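First chain A sits with chain B, and in the next complex the same chain sits with chain C.
For the complex of A and B:
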């Protein structure tokens, strides 16, 4: 992670010297390169760091990266805050668990069951969505919470779920040293797949319709977006992926209990990760998960008293909400834009504009620029503010 | 069966009035601040613990103790609003406020666990274990006293809202923040005071809840908030009368299902009722069609 940013520093500084058209191409190349580096680090991570504790953290983190990306695919794009995705997570876990038990599957190719768990979760999402998506804002949030409680209680009360005892997963006869690796790579595949899907959706007609709903649903409807259908599809996709991840989690943890498979903290954590990174952006939620999940694990280890770690977590939540309300990615993007605008303004005036910028320290350059750029510069910040 | 059923109905109506009190606080906060206070459940528990401390260590009567705990919870409410709600701005304010109050709830829950542990606590006094016999069962006095107190407080809130100048400013703020500001209402102050009042009623609610139910521990907050949310949504967000009707309906329904079917399914029926009602009436029982177009 840190390596990537170090690489980006000098490269970006070099890019700003180029002409604008070249800069765009350059920026895309940098972005792709950065993604490649990140992916490479993600792929080799468990091969380099073999400490079981860290690889276990890594699996947890991958699970959350996928879960947040899936959540963001619906909530981030439509603006409907769902606090009940544990319903799908748990449904996936229980589906996969029951099927494994029913079919007495051996270890190894059990991961083939995950899409099935996802499918069931997506099917569950349809009727729930048909009810919940008729209402907006607070009411929607509360209904998703109500669904969550209903499902948790059903897991407790129905006979086939195993009640309080939950469902135990089979014991895998993999070597202990790299036991976590299969889970990690399956988690990575799901996470990367979800992020790619989010990117594809964002750049599609379907994605535009979702974003239109987020901006103004009535207007979107007036413009011919079939809002209910669009929202429902996004909800089902999001729920289905959460279900797959729930199934993976069940194999990994080894046991699904009603209170852990349908966990209220899951709902909250996922939402907070998305908000920390940048609600509705592509990279933000992933970043949020990459920061928050290891941090949570670290807090859990450092403060052995569970209540103290809860308090620390709550304080952390509040700090994020109060001091970084828009999330890291939008705030960072704004910062970069402001910095670029400042750079451009320094360079803009004078006929020598195309030449490399005057050293930032030179007082003459900045002084002459101010009056000359008077009229255009008043416009620049506002265009810079728009993403 | 008949005796149990009548007991469930009477308990539901009397106990429901206490939930009505807590739910009125929640819906009032929503109406004026346009946020949902997820911490309401744990604040009820906090109010209960305050009463517990006063009654065990200072031997104050439970109802006399309210003279201390209600103002204390009012201050807690104003402080939470000032520190965590007021700074929130922007388009995602609604969702941020949900998360912020959720975080406050987690913090309070952790602190309560550290101080009081996870053992269940009961508030007891002479009137929590004795009472008259009606319909063939014994009804403890606390149910009656609690009902009367809830009635007085709810009527008091109604009177304040509809018969006083301060109430008019609250209702004006509920209708339209900007217009209220234009006519000279200090919206910030109204919001702080409303949050304080909405939280202060939890002190009374928590005391009666702790004296009537099967006890509470810090985890009870989740139980309470999930019920309260269901109640205010069912009644229609921002509707005070709706919250009261829904509270009594839901708590009675839960009690009746417990008797007729099983306690473990009563809660499912509780949320099931919410879902069914909303499927046909998305704005809740007494809610307005579009509460606010902000």
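For the complex of A and C:
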């Protein structure tokens, strides 16, 4: 086992028991297996379930999985809560919409425009980031919301946006039976790509810098991290992906209106999904989207009153804050850790039964104490790898 | 004798409080210098000004011949000045090893690892160096643990370790012995001495007089933001101005929360 755990997956990020190599390998195998199964299900889903209503839900879900992963790549890693990503989502939608109109593109070629929509959104993110990233916490949140309103107003009032008529996408002459599939698979590619990118970043030097900024930005800068540059790059990547997803959404929905392309509920939903699943973890936000989006869609068709879905969203927000403040994945990981420690304790009772035994393989158990052993308990006592 | 670090009449005020008032100090290359003074005398502010956390109102800071006045903290660190904080600041939700790798920016820049930003954090050379340093400070056993699980003393050692990752020419320590037990204090002193013998210069702010007097070659006393006296420990110990600064008169006894 290597010294560092920089390569730790999302679960370890929350701090799990340092397992012996054998169990580690098994855990990795299980994780990879599960991932494969999930991906397989995602790929065959629209082939097995051909009901257009459900495939439509699936497209919406993919859009949100990608969006929340993109959001988490910036906000989750840096700790800067952005509530204005609808700016990039809408910018992507309008860019793709205007270009489609301009170039009169037919059929499936339109998907080639998505990277362009993403690029424009990323370019928009740069000046916005240069302004907003100068401030932190609440001020940052408020400024991102302000950006959002500026952009929605522009969409209403600029001459080329179509005002409150918005932009309509072209009709696609695809067969009705699998009409949703192209959107679904493009959405899946973007989502899987974003998750993969998030994973790569999590393990990279760049990602480590982002996480250091989350923990103590000034200290990170004092250790040579160019904080502004690093934050800005993450913000632009995150915004760019949101823009691509906005473009996809426009093709799928068929129309972009200022209030739907620049939608405040988009930001709230994405943030709620991330908090529900586990803010800053890799799997958490994705899980949050997979739970929340189908749920909202289901409520939408079950209850004829359109506000039920909004009410549920609000109630869920409160419930998450009350009962799962850290989200499903970190709380779950902690539960598993506690269970494993309890198991280990049952198997091998502590020597003499005096000190509570540390979990096997944890630093505290396997290594000699440091000169600091017995320091006054001014700080948190060391508990090895367990938290 | 050449001064490695020099502040030239540095001034800084916060509102009506004059935290630094023309503070001029010099740290000779290869020395262990001490900076003492009563609470509120501007010691930490001087550190903040040197390392770019605060901008000066007047005066200049030099590292060797290089003027680094008001340079950003990352530039100051790259230039070769590392520092620790009075209250430890580690990246609590990263592991100890990851903390070390964050500080290896500067070292890795030379290895061309910056070309691929998605390359795995911490190359073999970085990890080897980090492990060596953690062995040196005695916390290598916690390399895989989250920094938030460390005790206060261990965090102090981690701060010292990761500051050393970039092989700084000079290290500024803000109360390395504060809130730490006696065994650890002597360990820290030993490590500082050892590093100094290998060529690292130190500037230390500390209230523990035995620690300062036992360790430092040169001690500067700061009072009301001005360096009042500077000299070897035995001279400082008996200087009437030092007693005056510390004991002062009754009306001087207002602690200003900038120290």
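By definition in this document, the second predicted complex is superposed on the first by the 327 of 387 C-alpha atoms of A that agree within 3 Å, B and C clash if a C-alpha of one lies under 4 Å from a C-alpha of the other, contacts with A are read in each partner's own complex, and residues count from 1 in each chain.
Just so we're on the same page, a contact is a pair of C-beta atoms (placed from the backbone, for glycine too) under 8 Å apart; a residue touches a chain by one contact, two chains touch by 3 or more.
Source: prediction; values computed, not measured.
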| item | value |
| --- | --- |
| Touching partner for A:201 - first (chain B), second (chain C), both, neither | second |
| First, second, both or neither for A:209, with chain B first and chain C second | second |
| First (chain B), second (chain C), both or neither touched by A:221 | second |
| Residue contacts with chain A in the superposition, chain B compared against chain C | C |
| Which of chain B and chain C A:31 touches, first, second, both or neither | neither |
| Touch list for chain A against partner chain B, complex | 81, 83, 131, 134-135, 137-139, 141-143, 145-147, 149-150, 153-154, 156-157, 264, 268, 271-272, 275, 279, 305, 307-308, 310-311, 313-315, 317-318, 321-322, 325-326 |
| Sites on chain C touched by chain A in the complex | 51-53, 72-74, 76-78, 83, 85, 88-95, 97-98, 101-103, 105-106, 108, 113, 117-122, 127, 130-131, 138-146, 148-155, 157, 162-163, 165-166, 179-181, 183-184, 187 |
| Of chain A, residues touching chain C in the complex | 2-8, 13, 15, 18, 200-201, 203-209, 211-212, 214-216, 218-227, 362-364, 366-372, 374-387 |
| Residue numbers on chain B that touch chain A, as the complex places them | 30, 36, 84, 87-90, 92, 94-96, 98-100, 102-107, 109-111, 113-114, 222, 226, 229-230, 233, 237, 264-265, 267-268, 271-272, 274-275, 278-279, 282-284 |
